Structure formats: C-alpha cells, structure tokens
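Here come two complexes built around chain A, the first alongside chain B, the second alongside chain C.
Then we have the complex of A and B:
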C-alpha cells in the first residue's frame, strides 16, 4: 500500500498545485522532493537487500470486474529504479524552472507529467498504462506551447501529433491483444498485463495480427526512445521546450520508451522473430551513428545534446535486440537456478539486457545534469550556441567544470554512470553481433569527438569578451548539479546498486505468469 | 595481515580532495598536501614491497558488478612500477611547488596531479581489466585536464582535445579486445570461479585460455590490446598527440607525458605478457616491430623540431618504442619473459632521466619566459650552471653513454634484438627490430646533443637567454636525486632483472655488434658538436630539401588525421547526415501540413446541407451493392 499511497500523494499534489496562487515554486519543489524521497525509501525497503526478482507490492483494485477493468499495480527491480529516476527528474525539473509571473502553470505541468510517469511505471493494467501514457504528453505539450522558445507553436504541435501517432499504435496493439484474449483464448475481458502478456497466447494469434501488434508496440516505444527513423519530433521539441521541459523529454520520455521495451516486451521476448531483433539492432546502431554524426554538426548546444541523448538511447535498442537474440527465449527454465554471483555458469544475454536497463537510468541522470547545467549557462550568457560562448571557464569555473563533468559522463567515461551501461552493452552484444561492434566503436569515437570539441569551443580557449561579466553559480545551484553528479558517480563506482535488482529482474522473468 | 597496497592509491585520492578543498582558501598548502599524500604512497609501496617479499604476490578481489571484479594484484612487476611512480611522482610534485608556485590556480593543479597519481598507482595494481580500464581512463582524463590546464591558450585547449580523442581511439580498441576475450571466456569451465577478465587469472592460465579461445583469436585480442597500448604510450601511428601535449605545464609533461602515464601502455603489455606469449606468434612480433619502428620513426622526427619540449617529447616516444620492442622480443623463446625485464628496466631508468630532463627544461623555460625555441637559447651553461649540468647528466643518460644507467638498459635491449635475429634463423622480419633499434641509438645521440649543444654552448641568441639565471638550489634537490639515479642505477642491472624474473641472462652479442652503438655514440656526439656545438648550423639550409620537408611535416601523419580523416571524411559525413536530417525533418513537417490541408479540404464536404449528405449516402450504398454483385460474379 505504501506504493499506492505515494502515487496517490503525487496525484493530489499535482491537482493541488492548480489551486495554489502563491509560492508555487516552494510548493512544487517540496512536493516533488517528498514524492522522490518516499520513492527512494520505498525502494530501499523492498529492493535494497531482499529482492530476488519478480513483482512486489502487487495490488488489484476492481473498478468494473464485468468489463475487466482493474487498477492493478506492481513494481519490479527495474521499475523501482525507473521510479527513482523519474522522480529525480521531476524534482530537478521543478528546480530549474525560471520563476516569473507567467510561469504559474508550468509547475503544475511538471508535477502532472511526474504523476503520469509514475502511473505508467506502476500500472500492471493496459488500460491505465495507456491513460497515464497520454497523461504525460499533455503537460509537456502545454509546456512547449506556452513557455517554449523559438517556433514553440509548431514544435509543440509536432511533438503532440507525432508522439500521439506513436501512442495510437500502442492503443491498437493493446486492443488487438484484448480482443484476441477474449475471443479466442479465454473468453474473459481483461486488460491485465499479467494475462495479456503471455508468450504462448500471443504466439497463437494469427500471424498477421501478431505482426501488427508487435509493430504497434515497437513503433510506439521507439518513437518515445527516440530511435531512427521515428525521431523527427526530437530536435524541435528539445530545442523549443523550456529547460524543465527538455529535462522531462530527455529523462522522462526515454524512460517511457525504455520501459516499454524492457518492462512490457521483454517478458514476452518469445514473440519476436530473429528478423525483428536484427532490425532492432540495426536501428540501434544506425541511431547511434546517425545521431552522433548529426550532433557533431549542430551549432546549438541544446540541439547537440538532444541528438546526443538520442544516440545514447541507441545503445538501449541494441541491448534489447542483441540480448534477446543471444538469450533466445527468456523463460523461467533458462534461468531457473541463476545464481548471479556464480561466474562459472553464465546466462547469455543477461549482461547486455541489464546493461540496456542500466543505460536508461544512467542516461536519464546524465541528461538531466547536462540540461540543467546548460540552463545555468544559458541563463547567464543568454547564449546556447557553441560559437557564441567560448572560454567561459575563466568566468564561471565551477559551472564549467560541472558541465564538463556531465559531458564526460555522457561520452562514457569510466567511473561515471554512462560507462557501466555502455560497457555491458558493448561487451555483451559481441556474442550476438560479432564484429558489427566496430560500428559501435565508430559511433563512440564520434561521440567522444563532438563532446570534447564542444567543451573545447565553448568552455576553453580565450574568453568571449562580448559576453561581459557573468557570475558563477551560487551554492544552491551547485548543490543541484553536484547532487546529480554524485548520483552519477556513485552509480558508476558502485554499479551493483542498480545492477543487482536488474539482474534479479531478468533472471526471474519466467515467473511472469504468477502475477 | 593488513594490506597496505590499497592505501597506495587511496592516499593520493585523499590528497586530491584535501589539496583542492584546503587550496580554495590556502593556495600554498595544496602542494604540500599533494606531495605528502604521494610521499605516503611511496611509504606504503615500500611496506608492500616488504610484504610481498615475505608472503609473495598479493591478490585481493571483490565482486564489482555482474561478472566483473575489482581488486588489487601486487607482484614484483607491479611493485617496480608503484615504487617508480610514487618516487618520481614525489620528486616532480616537490619540484612543481616551485615551478607552479605563482600560478593562481595551483590548488587545481595539485589536486589534478594528485588525482592523476592515484589513477596511475591504481592502474598498476588493479587486478581486473575493467578496473584497470577505469584507471586507464582516469589518467587519460587527468592528462586531458592538465594539458588544458592553461585553458585560455587556444593551443592548449586544442592539444587537450587532440590527446583525448586520439587516446580514445586506442582505448576503444582495447575495449574491443576485452569484449572479444570476454565473449570467448564466458562459460569456460576452466575459469574456476574467476572473473573472465581477471588479470592474475589470465596470466597464470594463459596456456589454458589460449587452448580454449584459440591462438589466433587470442592473437587478435592481443593486437587490440596493443592498439590500446599504442594510444596511451603514443606508438605509431597514434603518437601524434604527445608533441602537442607539450602545451601543458612542464611539470605535467614530466609527470604524465614522460615518466608515468605514457608508460601505462608498456606496462599493460608487460602485465599481460603471458597472454601475448600464449597467443599466435604474430602478437609479440607486432609488438616488437611496432616498438622498434616507433623508436626510429620518432627519432627522425626529433631531429628537425626546434621546440625544446617537443624534442624531449619525440625522444620519449622513441624510448617508449625501445621498451615495447624489448617486451616484443620476448616472443623468441630463449628470451621469453626476460624481455619484460629488459623493457621494465629501461622504463624505470627512462622515467628517472626523462623526468630530470623535463624538469631542467622547466627551469630553463621559467628563466626564458616560456620561450621554447632552442635556436633562441645558447650559452646557458655559463648562465645556469647547475640546471644545465643536470641537463647534461640527463642528456648523456638519454644518449646511453657509459656508464650511465641507460647504457645498461638500452644496450641490453639492442643486444637482445641481435639474439632475436640470430636465434630465430636470420629471418628478415626478425632482423628489423635490431636494425631499427641500433639506428635509433644513433638518432638518439644526434637529437639529444643537437638539443643540448644548442641550449648550452655558443653565445646567447636572445635577450632572455642572456639574462637567464639558475633557480634557487633548494628547489633543485629533487633533481639531484633523479640525476644520481640516472648515473648510478646501472649497477643494479642484474638485481633488477632478477627481481622481475629470477636468473635473467644479461644479453650479449659478438663484440663487433656491441661496438656498433659505441661507435654511434662517438659519431653522433662528434657530428652534433661539429654542427651545433659551434655556430655552423646557421649556414646549413635544409628547407628546400624535399626529404627534409617530409620529415618536418611529420611524415604527414598529423595531416592525414586532421586534414583528411577529420576534416575531409568525418566532417563532411557529419554535414551530410545533418543535411539529410534537416530535409527529413522538413519532409515530416510537410506531411503534417499536407494532412492539415487535407483536413481543411474534407471539412468542405460537411457543409451541413442535408440534400448533399443524401446524395453521398445513396451513391455510397449503390457502390457497395454494385461491388457485391461484381464480387459474386467473380
């Protein structure tokens, strides 16, 4: 019930924020911090030591049993980390809202987006899953539309229509499942994931419909990741969105896409044919290289980071494809006696699959840090193109160092979170895809190049005197960035904090039917 | 038993944090704190030395994530390295307190060098390749930060970037090697509970691993590791970043780009020698050839540059080539692991004299206001007697003139190369290392004394040189230690060899072969004195010579990387992708707009006139009926 209580609290604070006239900033910071802290406490209780895979905090609230509508919730080790990440991201987003008279509603939008994200991650019922999926989009749409920068109208419209288009396919896929389940499988009407996500059942669906629903899910999730070639909403939305919106886009939406792959589809990995998996791997690699090369050519740091974010999510797609390809069907029997500390028996696919999930968490934190520090830079200099900055290290050494730290984390420097995920995916996928990893190496070299190049041009070199005198960040702002950096660092140094729940989650996926 | 080895790298880590935090307020304390922490590392290294003598190699490993461990592994090889790194690091830190004494950001400097030292020491004693890689990148990061320490200099910022990206290429190939090895070792029964990338496991069971993985595959793994080593230790063709890295403070060049970090690649090959040895012969052959080739290649480049620090940088690359070649020579069975002993001995000796040379160069540059052109120096022996005498000691050691330590270390390598040639049946390939190395010896003498004579002899060729003065004597104390080592370390040659591998033979060659390097020393010193000891060099003009132009342009390797690969391939590729992206993006917008137009058009159908709706309704139904009739007919 603890989990539900947190969730209900997050709904209430989001609604409550509309009623508030003054002190919205303090209110939403405290509210999001409360949700974050409670989520961390919750995760500590359930996942710190005793978690051994499967679902915890299972609850079913019957709303309309005759039509099969339940509000079911449950959390795994994977979703627990996504919940922590999501709440951290919302907390950071509220912290970097530029406070002004007009910005009253943006706090509420941020909190609603957080609630939606929370709902997606804990729902074990497709109906509510889909409702919350939509709930996230609307506040982000308003955020871009009302508080965005350049081209905010077209950007917000594009964002909404594009991602809505993706969601539509998810809805159709869900309805397909729903229909076939009641018509040809059991006669029961249900939206329960535990019932619908059943490999044996899905494999019995006529092949055309089965392909359609696989396509629908993948399309919807890949749009959110985003993956090539369904990424067109990304650059404009990232660039136009206000910084809190960008943080939610980078951290939150990629979590939705990643959760879709690893939380929804991984348990039924048996439904994928190898062709689909190869397509996914190729899309991942193409995303990595394509976005990296595109990022290299961007003038705007914000746009560059947007592509960097998408490139990093390419690793997640690769991990998903390669992991399932290597493991074959992930079933209970394959990992029945999995002792994750026993190196003499290896379970193929675990390394890159958990690496892929790790990457989602790491990527969210790193991007939050990068966009938050870029917000501080932009706020001070009024500039966010590389050429208009230059040498700001002289004036704002602390801010520049933290931004540099974010860039280094983003390019996968060991000791920081980004490395563990990329290492696991890189090393793990070797078995599935062999020397194709040289394309990944190429992508990683390009990634390193433009990150370092951007640092050189914007932070180092002679100071651009036209920027005038700018002040370094104050201790409050330092603590925001340092908090993120410390998290990134701790996860990079003690990866088992994240890794053990993830490995347990995968190793016990076969128990999915038990819910 | 308390394991001191952990403290070896934890102590400078603490020093890193403290020297920064204290340094924010009290700048002068940061250097003291950093030096103390490294002094403590030296102490702990010594205690570990005693411990290893008592109980043998120390190995501790702790589960890190998935199948990867972290931990420490200290044996004789790593002890040699930690003792060298902490000793040289301490000397350089002490000197840096003078050299960086007036820099406003010296607390950042000392924090970063302390972090670097921690990384280097951690790298040396880490027990798992992934943990090793963490430190490997950490030292790379510190190198990046310290090259760009004077970040406002565009050259420094650009050199830092170059260093990072070039080493990153090597690092990722190293990572690919790890991936290949890991993939083949997963599920191998012979692991017996070890992590697949555990260093002690790999070196103790190299034969077993080779049998399981396959010699050729293991050879590919080794070559990928070698690529990583080439990036870090700046071997051909990834050597391009070191000369530019000289834009950093001179003490950084001494610490990172001469004595310690650049030897990390050599150390990695030495550490994993058993893996290289167990794999197909081409692995160690490529190590030997690459090292020997780099030795001569960088020697040639060192002849034509005029920047004092860059001359030293090329000599570093060249000497690293000697070390790598020595290890590669171990591919020949009768040399075997002795090759590692020869290489490591040269590595330690080199660290001493190269740190000495760089720090004397630092004193010179302080006096010369960072004017680095040797043609503008001259006559400094009279003006800075102590510094230049110390530099002389460094120079004769670099040139391997007996009885300096490098004479023992380098001649051993050249003689071993001769054994390699004669022992393996006089093949052409096995002749190359000796040929390159012995020619490299001549080049070493030439560029060393060209530099030294230009600096020390003749008349001052600039106002700054006329007014140059020695730094105070007490700040030079660390240099005396290093000079003493450079001169006297040779007497420990056989002890050192035996410490790395018991009863290592000291290589020898027929007297007419051994005489060649001696003859080269005489010729080299004579030629450089003839040209550069006097003012005769001013009358020689090479500029028009095409060969000279090729060398001066560094054989166009930098041009290839920067102007062709980066600017003509990657950048246009990036531009093309970016253009495609913007067109693709626009086309999506167009689809969106057209859909909206379609909506506008469709809206007209719903005009609210019932009559029209009826027409559509009736015609629709009619069409359906007609279609059904047609379908029935078919």
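Then we have the complex of A and C:
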C-alpha cells in the first residue's frame, strides 16, 4: 500500500504543478525528490535482502468487474529497480531544466512523464498498463514540440506518430489476449496480467493469432527500445528535445521497452519459437553494430550519445533472446532453484537474462549522467558539436572529468555499472550463440573507439579559443553528477545489490517451458 | 396498419400511458411554443436560452423515470419504449443542451425562433429514438431535418445561406431515397414495422429497399460517397450549429441505421454486412486521408467527423457479421454497447471541437488562425488539445475508451483484419490532430489577432474537455450499457 501511496502522491504533484503560478522549479525538484526518496527507501527495504521472487501485490481495486477492469498493481525485484531508476531519471530531468519565463509547463510535463512511467511499472492490469504507456508519450511530445531545438515540428510529429503506431500494435495484442481468454474461459472478461500472461493459455491460441500477438508486443516494445529497423524516430527526437526530454527519452523510454521485454514477455517466454529468439538476437546484434558505426560519424555529441544509447539497448535485446534460448535447456526445477551462487543454472541463461535487466538499469543511470553533463557543457559553451568544442578540459576540469567518467562508464570500463551488464550478457550468451559473439566484440570495439575519440576531440587537445572564458560547474551541479557517478560506481562494484533480486525474480517465474 | 386500427390500438393501449411515456416530448413541445409566443414581447435572449436549457434539463430525468423499465410496445409495435431507446433519447437531448449557451453569442436576430426550433428538433429526436416503424422514423427524422435546415441558415453572411441551401437540397435528395426505399420495403415485407418480419415476398425488392435506404441514410450520416454536403455545411454554418449537425443529428442517423438495417433487414444480414463493411472502410480511410491536406480548420474537423462516422458504422458491420456467423449475443451486445458509448463521447468530442471554433471571431477559419492560442488562453488550448487527443483515441480520455471498446468488439467479432484497418486509420488521424495542437502550442499568434476569448466562448470548451476525461474514467458505465444493448431488437 505504501508504494500505491507514493504513486498517488506522484499523480497529485503532477496535477498540482499546473496550478502553480511561481516557484515551479523548487516545487518540482522537491516533488520529484520526495517521490524518488520514498521509492528508493521502500525498494531497498523490501527488495534488497528479503525478496524471494514473485509479485508483491499492492492493490486490487475492482472498477468494473463484469468487464474485467481492475486497478491492480504489484512490484517485483525487477520493477523495484526500474522504479528507482525511473524516479532518479525524473529527478535529474527536473534538475536540468533551463529556467526561464517560457519554461513554465516543462516542469509539469516532466512530472507527468514520471507518473506515467511509475504507472507502467506497477500496473498488473493491461488496461492501465496501456493507458500509462500512452501517458508518457504526450508530455514528451509537448516537450519536444514546445521547447525543442531545430526541426522540432517534424521531430515531435515523427516521435509521436511513430511510437503511437507501435503502441497501437501493443493494444491489438492486448485485445487479442482479452478476447481469447474470454472465449476459452466461457465468457469471463479480464484484463489482469496474472490471468492473461499464462504460457499454457497463450500456447492454446490459434497459431495465426498467436503469431500476430507476439509480433504486436515485440513491435511495440522494440520501437521504444529502440531496436534496429524501427529506430528512425530516435536521432531527430533526441537531438531536438530539450535536455530533460532527452534524459527521459534515453532513460525512461528504454525502461519502457526493456520492461516490456523482461516484465511482460519473460514470464511467458515459453510462447516464443526458437526462430523468433534468433531474430531477436540478430536484431540486437545489428542494432549494436549499426548504431555504434552510425554514432562514430556523428558531429553532434547529443546525436552521438543518442546512438550510443540505442546501441547499449541492443545488448538488452540480445540478452533477452539468448537468455530464453539457453534457459529453455535447463529443467524447470533447476530453474526454480536458480540463484546467483549456483553456477550450473546461473550460467545457463539466468546470467544473461539478469544481465539484460541489469543493463537497463545501468544504461539509464549512465545516460542520465552523460546527458546531464552534456547539458552543463552546452549551457556554458553554447556548442554541442564535437568540432566546435575542443580542449575544454583546460577551462572546466571538473566538468570535463565527470563527463569523461560518464563516457568511460558508457563504453564499459570495469568497475563501473556499464561493464557488469555488458560483460554478463557477453559471457552468458556465448553458450547460446557461439562464434556469433565476435560480432558483439566488434560492436564493443567500435563503441570504445568512438567514445574515446569523442572525449579526445572535445575535452582534450588545443583549446578552442573562440569559446572564450567559461566557468566551471558549481557545487550544486557537481553534486548532481557526483550522485549519479556514485550510484554507477556502487552498482558497478557491488552488482549483487541488483543481481540478487533480479535472479530471485527470474527463478520465481518457474522455468521457461518446452520450446 | 390502417387508420382505424391505429386509432383503436391507441385507445386500447391507453391514452394515459401515451401521455406518460411521451411527457418529455410534450414538455419540450409546449415550451417551444411558449418561447415562440414570448418572442412577441421581445424578451432578452438570455432568458430564452435559460428557459430552453431548463426545459431540456427537466426532460432528462423525466425521460429516465417515464421510459425506463420493462419494454412497452405501443400501436402494434410502431413505438417501443425500452432502456435502449431511453439511452439514445437522453444522449440526443444532451447534444441539444450542449449548444444552447454556446449559440447565444452569435444568434442575434430572432433568437426565440432558434431556440424554439431547437426544442422542436429535440422532440423529433426523442420520437425517433423510440420508433420501430419506417414511417414514424421517417416523419420524426424529417422534422429534425427541416428544423436543422433552418438552423443552418442562422447567421450573418451569404456563406451560411449557401451552406444551408446545399444542405437542404442534398437533404431532400436523401429524403426522396428514404421514401423510395421505404416503399420497396413495404412491397417486400407488407409491413412498415421493423420488428418481427417473418416473411419476405420478394428478395429483389428487399435488396433494392436496402440499397435505397443506405443511400438515403448515408446522405444523412455523411457516409463516404455521399459526404460532400457535410464539409460545405459544417464549414459554412455557425459553429454551434455545425457542432449540433455533426454530433446530434449524426448520432440520430447512426441510431436509425442501426435500427433499420439490423432489425428491419435481419433476414438478410449477409448483404448488410457486405454493404456496410465497404462503406465503413471507405468512409474512415477517405475522411482521414482527405483531412491530412486541409488547411481550413473547420474542414479538418469536418473530415474528421466523416472518419468518425466510419468508426461508428463498424458497429453495424460487427453485429451483422456476428449474427450471420453465429457468434452469440454476448459479442453482439458488446458491439452495440460500444456504439452506445461512442455516441455519448462523440457528442462531447466532436461538439466540443466545433464549439471551440467560437474562440476565433472569423467566418472562414484557417489552421493558422488558431496559432498561439496557448499563449493567450492556456486553459482553452489545453482543453481543446484534450478534445483533439480524445478524437485521436489517446488514453485517459473518453475517446480512447470508446475506441478501445470498439476494437474489442471487432476482435471478439473475429474481424481482426478490420481492426487493423481501423487502427491504421487512427494512427493516420493522429497527424492532423497534432497539426492543430502544434499550431496552438508552439506557434506565435498572428499579427492581427482574431481571438474572441470571453467566458462564453471559453467555458464550453473547458467543460467538454472535463466531461471527455471523466467519461474515460467512468469504467462502471459500460456493463450497464451492455445490459441495455439487447433493446435494439425491440
């Protein structure tokens, strides 16, 4: 119930922010900080040590029982971490809003996006899941359209229509589930995920419909990730969006896509045929390589980071495909008893599955840090292309170091969070896909090279004198970046903090089932 | 039925019962005449509007208390009072109530005629809502149509007159087709009653009747090949009248299409399905695609209203298909309830969108005229954005729930390919709704501003946005609609 209270609080503060006339900045920072702190405290108390898998129900309020609409919510070890990540991202986003007379509404948009994200993660009812799924889009659309940079009209339109198109397929998939449930259970109508997400039930759905359903879900989730063939909204939206919007796009939307895969589809992973899983692995690898190569040729740092973010999410898709493929080979009882200290099961699929979830968390934190520091750089220099910066380490050593730390985390330096996720996926998926792993290595090399190259060109080397005198960041701004860096560092050296609840979550799903 | 039998049945079913069930009709009619009479004394138009609104507001509970309950059939099945009819009657009274105050600003000349007509139209709508006989439906519908021809001509300039004339002529052609279709219907079935047709004399005549009636009612509901008048009329008439024409009368036409084709032609639902599936696909696709290239704001809304009619017509398709393929009543009831819910939301979405045009004090409203509205009046802009998002079917609005139920009905009716077409259509429609939102929110206002931002123009928009959102959260309403949906069949 406590988490529901936090959720209601976040709804109220989001609505309240519209009524506020002045001091919106302070209000939204305090509001998002309150939501964040409460969520973090709750999640750490309940999920850091004493979580043994399964769904911890929060509420189950009947709104219209005869048509099967319940407001039911629950958390797992996985969503608890995503909630922490989501609230941190929203908090960071409110901190890096450029305060001006025009920017009144952007605070409200940020808070609403946060509420939507929260709602997606705790919903255990497909109707509300879908509603919150769409609620996130609208504020981001307004953010890009109202406060965006160049091409904001076309970028916001492209963003909304593209992602909305993906969502509509999710809607169709949900409705298909709903209908077949009612057909096979003599007219019983329900939107409850606990009833609809049942491998045995879905496998009984006629084959054409089942394929359609899987396609609908995967299409909708991959658009949000974004994954290779459905990514074309990404560069324009990231570039045009104001920095808080970019942080929400990079952190929040990929959380949505990742949650879709691991929160919605992993519990019914028995529905996937091996072909679909191979396609997912291939899409993940193509995303990784293609986005890394594209990022290499970007002039704008913001655009480069956008592709870096998408490339990192490629790992998540690989982890999903490879993990299910491999975990299908272990018995259900061994699966259910899986834990992080049990090597035979841990290395049979569980490692990359939990690694994929870990990667979502790590990626969100790293992207928040990178975009926040890029915001501070852009604020000071007015530039965000690699060529126009250059040697700014001489002028702003602290900021540059922090940005460098973010880049290093992003390229997967051991000791930081990015390494753990990528390494687990890398090691884990070797057993599933064999030599194909070399493509991943290639992608990692490219990733490292353009990160280093960007850092070298923009931070070091001769100072670009046209930038003039710029001041370094103040203690407040340092604390924002340091806070993120510390989190990245902590889960980088104590990954079990995240892994243990994730593995409990996976083990409790009770086996992948016969493929 | 001959006049003698009619008269005897009127007496046997009891004059008291007629008076009781029609009390709201009598109330509204009498108030209409009183308002006309008051016109002689040059009473302030605000008072006239107030009386009209009050009469309609009283007629709502009156309708509820006098016509709900077990179905009452009168005059040998000509009129059937049941909960299904009551629901639509109330929806249409609400649609008339909705424009009473927004119209106040623009109606300067002979306001009492405007309001009296509105009341008479409402009377016609209520009668039509309970009619199960082609002739009574036709007469009630004509009384509505004739009233709206006059309403459409209220206004200042020649454009409204042109719009009204266009509306009148096409409307008359539609009427002719209806009459022609009705006579073929009689030829084929030997009755004008819709319920309980057991024997069809001539299947050719039956098909001709169906085709003619589709053309006739297609004109009235502005379905695809017969929609052209609607654009000029919505564009040319006064905003509140466009709101009424595109919501109230459209819902009435929808109700009658449901009734005539699903009840009257129940022995040949296969043909109904084929006719309407083609019309529905063409109507929604055409409406959405044509709206993309428009720059005239009222025409965009006009095209969107054509597309929405296409969605509504899907209900006929689902019911016809499920009945012929034997899918059972639960699917049918769900589909009809989806249509009922859509109708209610539609009034506030479409009516609200047209009424928003009142904030622009121009006759011909271009898309650029609304630019910068968010800077001048954020509340209005946000409300209009909510209404547009509802039309596009974005969650947290009634428009989403309406589409959601409709899509569920499509999928449970096993018409998944049609569901995909409908969903692609609603994805296309997002484009032009977003164009309007972009203009409002992130374009600077024009040099010479044309906004007319008063309480009278702003509050209807805000209220309809609130209602649209509230309907999206009213989950408990739908099961009630499902339980009344069976009333369509008498």
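Here is the rule we go by: the second predicted complex is superposed on the first by the 492 of 515 C-alpha atoms of A that agree within 3 Å, B and C clash if a C-alpha of one lies under 4 Å from a C-alpha of the other, contacts with A are read in each partner's own complex, and residues count from 1 in each chain.
Quick note on the criterion: a contact is a pair of C-beta atoms (placed from the backbone, for glycine too) under 8 Å apart; a residue touches a chain by one contact, two chains touch by 3 or more.
Keep in mind that this is a model prediction, so the values were computed, not measured.
Chemist: Which of the two partners, first being chain B and second being chain C, lies in contact with A:391: first, second, both, or neither?
Modeler: First partner only.
Chemist: One more residue to check, A:138. First (chain B), second (chain C), both or neither?
Modeler: Second partner only.
Chemist: I'd like to know which partner A:461 touches here: chain B for first, chain C for second, both or neither.
Modeler: first
Chemist: Tell me the contact category for A:448 with respect to chain B and chain C: first, second, both or neither.
Modeler: First partner only.
Chemist: Return first, second, both or neither, reflecting whether A:496 touches chain B, chain C, both chains, or no partner chain.
Modeler: Only chain B; A:496 stays clear of chain C.
Chemist: Just checking: does A:161 make contact with chain B only, chain C only, both, or neither of them? Give me first, second, both or neither.
Modeler: both
Chemist: Counting only touches as set out at the top, which of chain B and chain C does A:351 meet: first, second, both, neither?
Modeler: Touch partner of A:351: chain B, not chain C.
Chemist: When the two structures are overlaid on chain A, which partner does A:172 contact: first (chain B), second (chain C), both, or neither?
Modeler: second
Chemist: Could you figure out whether chain B or chain C reaches more residues of chain A?
Modeler: Looking at chain A, the partner in contact with more of its residues is B.
Chemist: Could you say whether A:52 touches chain B, chain C, both of them, or neither, answering first, second, both or neither?
Modeler: Neither: A:52 stays clear of chain B and chain C.
Chemist: Just to be sure I follow: which residues of chain A are touched by chain B in one complex and then by chain C in the other one?
Modeler: In chain A, positions 157, 161 sit in both the chain B and chain C interfaces.
Chemist: Could you pull out which chain C residues touch chain A in their complex?
Modeler: Residues 330, 389, 394-396, 400, 404, 407-408, 411-412, 416, 419-420, 423, 426-427, 430-431, 434-435, 437-438, 441-442, 475-476, 478-479, 482 of chain C touch chain A in their complex.
Chemist: List the residues on chain A that touch chain B in their complex, please.
Modeler: Touching chain B from chain A are residues 154, 157-158, 161-162, 229, 232, 235-236, 290, 293-294, 296-298, 340-346, 348, 350-351, 354, 391, 393-394, 408, 413-415, 419-420, 423-424, 426-427, 430-431, 437-438, 441, 444-446, 448-449, 452-453, 455-456, 459-463, 495-496, 499, 503.
Chemist: Quick one: which bits of chain B touch chain A in the complex? Just the residue numbers, please.
Modeler: 63-67, 130, 133-134, 136-138, 141, 144, 148, 151-154, 156-158, 160-161, 164-165, 168-169, 172-173, 175-176, 178-180, 182-183, 186-187, 189, 191-196, 566, 570-571, 573-575, 577-578, 581, 584-585, 588-589, 592
Chemist: Of all residues in chain A, which touch chain C in the complex?
Modeler: Against chain C, the touching part of chain A is residues 63-64, 66-67, 69, 127, 130-135, 137-138, 141-142, 145-146, 152-153, 156-157, 160-161, 164-165, 168-169, 171-172, 175-176, 178-179, 182-183, 187, 209, 212.
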